[in-house]
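Order as written gives the chain letters A, B, C and D; numbering starts at 1 within each chain.
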Amino acid sequence: MPDALLSVHDLACARGDRLLFKGMNFALNSGELLLVQGGNGQGKTSLLRLLTGLSSPEEGEVRWRGEPIRGQREAYHAEMVYLGHANGVKDDLNPVENLRFADGLQGRAFDEARAIVTLERLGLSRCLDLPCRVLSFGQRRRVALSALLLAGAILWILDEPLTGLDIHAVALMEGLIRDHLSAGGMVVATTHQALNLEGVIVQRLLVGNVAIPELAVD
Amino acid sequence: MNLYTYASPANFYTLAGRLIPWFAWGAGILTLWGLYIAFFLAPTDFQQSEAYRIIFIHVPAAWMSMFIYLVMAFWGAIGLAFNTRLSFMMARALAPTGAMFTFVALWTGAWWGKPMWGAWWVWDARLTSELILLFLYVGIIALWAAIDDIKRGDRAGSLLTLIGSINVPIIYFSVKWWNTLHQGASVSVTKAPSMAAIMLQGMLILSIAAWLYTIAVVLVRVRRIILERERQTEWVKALLEKES
Amino acid sequence: MEWASWSDFWHMGGYGFYVWGSFGVTAACVLVEVVLLKRAAGETRRRLKRMQQWEEQ
Amino acid sequence: MYRFLLAVLRRDLTLAARRRGDWLIAQFFFVMVASLFPLGVGPEPAMLARIGPGVLWVAATLASLLSLSRLFADDHRDGSLEHMVLSPEPTVLLVLGKSLAHWLIYGIPLLLIAPVLGLQFNLSWEAILVLDLSLLLGTPILSLLGGVGAALTLGLRGGGVLLTLLILPLYVPALIFGAGAVDGVMAGTGAEAHLSLLGAFFVLSLMIAPWIAAAALRVSLE
């Protein structure tokens, strides 16, 4: 069985001197979704930050295409994109400028047309020139999602992607994840709310010892 | 017995426990001997009469303040390179003693300057560099105090010590360039000592005494840091159990 | 012996104030550091034992 | 590679343009601090000329330091700093871009204001020229060293003051060579030596500070 794209080998993580989890192993291939669940403060976000390479584990390692991410930081970051609790959207810039910067981060020339199409697809056509400060949290989340789409990365790492979104936005989010997975992408996400994703290979990973009451994933 | 066994905090804790008395006693004896030389063997200096005897602690303290800073930078670099927890603990344990020696060097420098140059504080190259070194020490200790997360604190402190240690020679050169009031290094490794051999001997003995004292104090402090950081481990629990 | 009498020794050729001021402060700094260390060691052990009891409940 | 640097630079300049208030505060701070000294020391021209270089240099340093603590703080708060560190481009470029942007926004204006204040301190035209030249070399050093300080104190309470405490000792050589250059020219002994040393210190800071700041950033985001 060729190496999985993303694999984790007896990972251990501690915050301060408290051990959050240890001996964690899993592998994820293209087209698969990994749902990370667990109570608050059990280490969900810490695990995601380990996967992105922002923080380094106490023991074990994270591998991308079979190689530890520590050694191939730039190559790995070119194929991965992370959406944390904070959107990473600048309030003083308007959505288009935010996307221009997101493209710049990836070291790519800015394709304004494609950016505007993506923003319109996510329902932001009326506020392309407004500073994000005036937008609602849901709208700012959509700007961050547009940046996610523009990045065109294989691996999405999403921390609580559904929080603060209205029903339409949640449906939109599920659609984006479904399209991304069917196009051969991979998603690692933490979430409290139920996700309806039919026909998607879902792995579930429990972090910490607090089990979440049955989560409807049909 | 390879060196690596003592890299683990548990082994180092017991080893340090055994070594501390030796270093402490060594420091005590050498200090007495050094003071004896300073006050009873060293002749009266024809120009500066008796005030020059302050040099017997001013110079060792100044040496130690610089030396400890470099050792801190060394342990910090080792910690950053090999991610060994013990080296970060050593760096943290060294800082207060280094700051203390810097303060002593400043104080004795000022109190030696008053009879010599007639002013409590003289903006001369050596003293000013010593003052800036004190600021560097205070900066590192303040940074460690401000960061609660141990892992981040260790690395941040070591990085600051690193850029500080690259800067110390430049600070010294620039201050010397700015004002060379001081009569030049009374003892520098390169040129021969410009004073009686007995005085040099006294100062060297007191420097070694200060060095042994530093090791003893740092080992005590590092043991305390080890206990605090290894709180969760079995051996610390057993140790505390045994004592209570 | 360098000094005729003990009083000469303390007088230190007229610079006693400065010499003993310097040596005194140095001794004081060393003493303060050692005392603080001793107190901190005891305090740490008490705190750790207290934490240990708390965690064992 | 350069597109990433340009993106960081362009964004920071746009943000600064949108928030002109912060930028103006730093410049007025420089003017105020420099103008307070004559009130304290007395208006006597010869005295002011003697202390002028030192006062202007210290005031410029404090003005730059004022804005350094926000170098990464705003991006850290809204999450964009993590995106920047997670970009495929090396973090050193991010720090260089940030320091360069800080220098353009907060450093260059000091050069424009300094001559006016120089006149206030009764400095000759030569002295003002050398003052500007020394500030031209000195302000980027502070932006580079400030990058290290800002990365180390990211997200700490009392970050601004702590940053100043960490960075000022490291900045002493620049202050000595910079102010010394202007003194040198006023005393007629020329400023070439001071300026060349200042330039050397600038190159050294350029070589060392970004790498240490990048490492500090990764440590702070751990």
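What we mean here is this: a residue touches a chain if its C-beta (ideal position, glycine included) is under 8 Å from a C-beta of that chain, and two chains touch if they have at least 3 such contacts.
Quick caveat, the model's predicted, so the values are computed rather than measured.
Of all the chains shown, the one with its CA centroid nearest the global CA centroid is D.
Chain A and chain D, compared by their mean Cα positions, are separated by 37 Å. Per-chain CA centroids place chain B at a distance of 16 Å from chain C. Centroid to centroid, with C-alpha atoms defining each point, chain A and chain C lie 57 Å apart.
Averaging Cα coordinates per chain places chain C and chain D 42 Å apart. With touch defined as above, residues shared between interfaces to two or more other chains in chain D number as follows: 222.
Interface note: chains touch in the pairs A-B, A-D, B-C, B-D.
Chain contact summary for the complex, chain D toward chain B: residues 145, 148, 152-153, 156-158, 162, 165-166, 168-170, 172-173, 176-177, 180, 197, 201, 204, 208-209, 212, 215-216, 219-220, 222.
By the touch rule above, chain B contacts chain C in their complex via residues 39-44, 49-51, 53-54, 57-58, 61, 96-97, 100, 103-104, 107-108, 111-112, 114-115, 213, 217, 220-221, 223-224, 227-228, 231, 236-237, 240-241, 243-244. Interface residues of chain A, counted against chain B in their complex, comprise 16-17, 19. Residues of chain A touching chain D in their complex: 52-56, 74-75, 77-78, 80-82, 84-93, 97, 100-109, 131.
Residues of chain B touching chain D in their complex: 80, 132, 135-136, 138-139, 142-143, 146-147, 149, 151-152, 155-156, 159-160, 162-164, 166-167, 170-171, 173-175, 177-178.
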